[in-house]
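The two complexes that follow have chain A in common; it is paired with chain B in the first and with chain C in the second.
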Partner chain A sequence: MIKRKIIDSFWNVLTYLFSSVGIIVLLLIFIFVFSNGASTLSWNLITSDYNQTTYVLSYKDKYDGGNFEYKCKDDEYFSSYWGIAFTDTVNTEGVDSVIISYIDDHSPLLNGLLDVGNDNYHHLQVNQYVTTALLVGEEGNIISCPARKGAESMAAGFNRGVSITTLNLVDGGGGIRGSLIATLYLILFTLILVLPLGIAAAIYLSIYAKDNWLTHLLKSLIDMSSGVPSIIFGLVGLLLFVPMFNALVVSEGYSILAGALTMTIMLLPIVISTTKEAIDVIPKKIISGSLALGASQTQTTFKIILPNAIPGILTSTLLAIGRIIGESAAIIFVMGTQVQDHVLPNRGGTTLATHIYNLMGLENPNYKLASAIAIVILMSVLILNILVKLIGYRLNKFGRKH
Partner chain B sequence: MEKIFEIKNVNLYYGEKHALKDINLDIYKKKVTAFIGPSGCGKSTLLRCLDRMNDLIDNCKVEGSIKYNDKELNQYDTLTLRSNVGMVFQSPNPFPMSIFDNIAYGPRCHGIKNRKALEEIVISSLKKAALYDEVKDNLKGSALALSGGQQQRLCIARCIAMKPDVILMDEPTSALDPIATLKIEELINELKKDFTIVIVTHNMQQATRVSDYTAFFMLGEIIEYNTTNELFKNPHNKKTEDYITGRFG
Partner chain C sequence: MKQTNLQTSAKRLNGKKISDMIWYRTFQIITFLCASVIIVIIAFILIKGLSPFFKTYTIDGDEYRVNLGEFLIGTTWFRHPNHYGIGYIIVNTIYCVLLCLVLAVPMAIFSALFITRIAPKPISKVLQLIIELLSSIPSIIFGLVGMGYITQGVKYVASWFGVQTAGGLSTLSVVLVLAFMIYPTITMLSITAINAVGKDIINGSLALGASKTQTNFKVVLGAAKNGIFAGIILGVGRALGEATAISLVSGNRGSGPTFSLFDTTNTLTTTILKGFQDTTGLDYDIRFSVGVVLIVLIVAINIILNAVKRRVGAKV
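Showing the complex of A and B:
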């Protein structure tokens, strides 16, 4: 009796131990991702380009100096001479830099800086990064303000300079706008393909298909293919869909379209089986009830079966979106790893997940940006999962019992 | 008396299983015909032959001739046939939609779109099914919120909305309590003025209360078919007598 209790508690402790190790590892990953990524994550990150645009600007004329006024926030440094404020920040690549945080409406810099590259006037904006500035003082002395010296010294330098020889600006860069759009494109195109196909197949399998060996074979194939590793689908996409779109002359090399086809093939089994599950729980007597009223099979499908399968269809849609957001292996093969800012369906690009892959493959892996993207991915997947739970809870009229 | 169904030498197989054997039966217009018999004897199967719901069963094969209004059943298209021959199932099966939409479902499927016409059909069907007073303030409410007995009357109303000639009922009260059952039986007595009714029942009293004719089935065969009065008072066959006196099955 006592011996059995001891054995029992031994196994109990072991179970707790192992499961807590799993949970702790998971927690550590979350902590790592959040502590690394949270500081980088910002609206700016989401809306800006990955590739930077650099400008070399100058203000050659001697400026007499205004007496601008601005109430600085804690971390801001204002040059009252030029009417511009700087702030210390960390750029999207995780490097300490100086950002323009305020420009007075009457500042000569707003529209008066000449772009050395094309002789046009540059419209200065807040949130552009200053890498270096070279100014000329009253006595013709050169004042150099590199970003690494910080915003305070930058503002002080500007206050002493009367003209600007060069101002090196960096606009954007390190953002994930392109990858985000590519991800949305991929989701959109994949859903356009996979939903009609998957729903039609599910309806066919549960309503129209005769109960014979072919149907059984089909069903087991579908079940099996949901276990195929995604890299295999990537191979199929690379060997089949990429050349296919190239042959159709819509693309050259990688493309989001090929990605969408690949994901369609990969997700079809999930969409079919979730939809089919939803159809199969609709009580048979309701379907016969419709047919017995002289409704045709098509009417029954559209008026009874589909409306009642909508929770299942929504669930499968959300699951599919989750898989697309999280997928990397298959996508690298058909969409490449080159981050794009101008996303086109017939060109390659990275999704959020493969953007991380790209970052980690760089000479200096950018952990901060990668973690920030990971947060975006984790959040989206979390929201999707909550939605799935809510739908299952709210809309399931028949439950799983019937 | 006018025959509405003429069933001649019907044999039915589910795959290998011979479920109906040489059935010969006439069903009369504007009468209530009851099918009785022990479980598994083929009552539901024959009932389903009459609106060709058996067509939906993969391995089901029917031989012989069934005439509906003097025309072979096979020559009707199933959609027309089933709007003329309605069916009420053993357990209530309202659609998961509003009461109104449930009843308007059949007419809508047959192309009636006019809101006013649909409203008329819904109200008159509900009245005929003796349900109107109970639900008139809640036509937009979900049909699934009704009680079992109300749901079954809703299914009858749904059937009536198609303006059928025949209503087939497969044990329509087996899932209901005695009071709801009584209501349905009263309803059947009311409906037989307008419709031909065929009802499957396990309840002898119910058969005597509602039906004009009764067919007794055993093991896929019709043992005896007669007016209800005669069959229960004066059974010709020993098996019938055993069954109705409760000495069997």
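Showing the complex of A and C:
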């Protein structure tokens, strides 16, 4: 008896140990992603471009100096001579840098800076990074203000200078705006394609189709394509859809449109099965009641079956969005891995997931930015999951058959 | 007057019938379209994937084609100009998936048992939520964390044994990433299977004097093994088809096979993925041949596992 108990508790302890693995893995993922990415993630990251633009600017004329006034916030340093304020910050690559946080409306810097490269006047903007500034003082001495000395010395240097020899400026960089927009485009186009097709097929299979060998064949063919790995869908997209859009002269090489078609054929089985499940639980008496009252089959389909299947359609939409956000292998083949800032449907680009893949493939993997993107992905997946649960609880009028 | 009424209603009925017919055909055509996707996929991959063995390619002025036998059993990925071999990659792939199953299956079954039969209700609910969340995390994030944590851990462990690793890129890292990825899939299907086991079987076992633990491990698992096996089949499919996450932690091995846990490795999927954007001609087409082999491998393993499932399921 005691031996039995020892053996039993041994097995029980094993179950405790193994079940904790799931918690540990999830914790590790969250710890890694948040410890690396939380400091990088900001609104600025989401709205700025990935590729940096650098400018070399100058203000050659001697400036008499204004007496600008500005109420500085805690971390800001204001140059009253030029009417510009700087703040210490960390750029999207995690390096300490100085950012322009305020420019006075009458500051000469706003419109008067000459771009050395093309002799055009450059419009200085808030949120641009200053890497170095070389100014000339009252007595012709040169004042150098590198970003690593901080915003305070930068503002002090500007107050002593009367003209600017060079101002090295970096605009944006390291942001995920392009990838975010590409992801949204991909979701939009895929849903436009996959929802009508999937819903129509689900209606046919559960309402119209006769119970014969052909229907069984159709069902098993659709089931089979859900077992195909995503990398194969990627190869097919590369083979079929990329040349297709190229031949239609809407794209050159990779395109988001080809990505949407690839994701469509990949998501069809999920959308069909989820919608079909929702249609199958609609009680038969409602449908026969509608038909008995003289409504045609078409009217019954659109006015009785579709409205009642909305929870299922919503669930399949959310599942599809989740899959699109997380998909990487298929998208690499049809949309490429080049991060784009100006996203167009007929050009390639990266989604958030393939942006991570791109960052990890670099010589020095950029863990900080990758983790920040991973936080965005995790949060959207989490929200989608919660929504699916809520729909399951709230909207499913007829309950699930088990 | 009455007749015209009848006529219009007959017309209306006819109109209804026509619109019914149109919608019926539309739905039918769309369904055929959806079902034909799989046929199109297989046809196109086959045609493109078999072309390197039949078409001639001009490399440096000479004409070449690839030898199919050498391709299937070769132990070096590429030798100039036209020698490709993926025999060792097939072996590596199967080896990785096997090791990953050895790790993930016991973990998943024990967790499922804990969640359904042992844990108190609140704990089991939380655990189930965690498993569901884990299963919805995209593979690229597993790859990211695998690169950040798992490869570093593997590098550390390898240094205990005095083994030099390629920065932790190794078979062991691939196996761990795969195991964590398919663990929730198998667990969720096992939970469903265990929940479906009848109360009378469990009560009968308890009434005959078996302890709770004995019942859980011998009776419940026995009754649920069909469902658990279905979960394993799904997990194997996911592990075989996974590409991006393991391409980040596998390293890229030029020749093999390798059975050492700390050596770099490569699977069929990582071979397709690595460097396809930079090549053209034969080197590009051959990746589709790897895709064909991947499909054949998945189908073959599925057939074998389903046969085993039938065998195991019959013996209750």
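Just so we're on the same page, the second predicted complex is superposed on the first by the 394 of 402 C-alpha atoms of A that agree within 3 Å, B and C clash if a C-alpha of one lies under 4 Å from a C-alpha of the other, contacts with A are read in each partner's own complex, and residues count from 1 in each chain.
The rule is simple: contacts are C-beta pairs under 8 Å (C-beta built on N, C-alpha and C of every residue); 3 or more make two chains touch, one makes a residue touch a chain.
The structure presented is a predicted model; accordingly, all values stated were derived computationally and were not measured.
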item: Fit-or-clash call for chain B and chain C when the two complexes are aligned on chain A; value: fit
item: First (chain B), second (chain C), both or neither touched by A:4; value: second
item: Which superposed partner A:353 touches (first chain B, second chain C, both, neither); value: second
item: Chain B versus chain C, judged by how many residues of chain A each one touches; value: C
item: Chain B versus chain C as contact partner of A:304, first or second or both or neither; value: first
item: Which superposed partner A:296 touches (first chain B, second chain C, both, neither); value: both
item: Which superposed partner A:364 touches (first chain B, second chain C, both, neither); value: neither
item: Three-chain overlay, vertex chain A: chain B-chain C angle, C-alpha, nearest 10 degrees; value: 70
item: Contacts of A:120 with chain B and chain C, given as first, second, both or neither; value: neither
item: First (chain B), second (chain C), both or neither touched by A:283; value: first
item: Least C-alpha distance (whole Å) that remains between chain C and chain B when both complexes are overlaid; value: 7
item: Contacts on chain A seen with chain B and repeated with chain C across the two complexes; value: 296
item: Complex contact set, residues of chain C against chain A; value: 16-17, 19-20, 23-24, 26-28, 30-41, 44-45, 48, 106-107, 110-111, 113-115, 118-119, 127, 130-134, 136-145, 147-149, 180, 183-184, 187, 211-214, 216-217, 237, 240-244, 248, 269, 272-273, 276-277, 287-288, 291, 294-295, 298, 302
item: Residues on chain A engaged by chain B in the complex (per definition of touch); value: 210-211, 283, 285-286, 288-296, 299, 303-304, 308, 397-398
item: For the chain B and chain A complex, residues of the former touching the latter; value: 51, 53, 56, 58, 78-83, 86-87, 89, 91, 93, 95-96, 105-106, 109-110, 144, 155, 158-159, 162
item: Complex contacts: residues of chain A adjacent to chain C; value: 4-5, 7-9, 11-12, 14-19, 21-23, 25-26, 28-29, 32-33, 36, 196-198, 200-201, 203-205, 208-209, 217-218, 221-222, 224-225, 227-233, 235-236, 239-240, 265, 268, 272, 296-298, 301, 322, 325-329, 332-333, 336-337, 353-354, 356-357, 360, 365, 367, 370-371, 374, 377-378, 381-382, 384-385
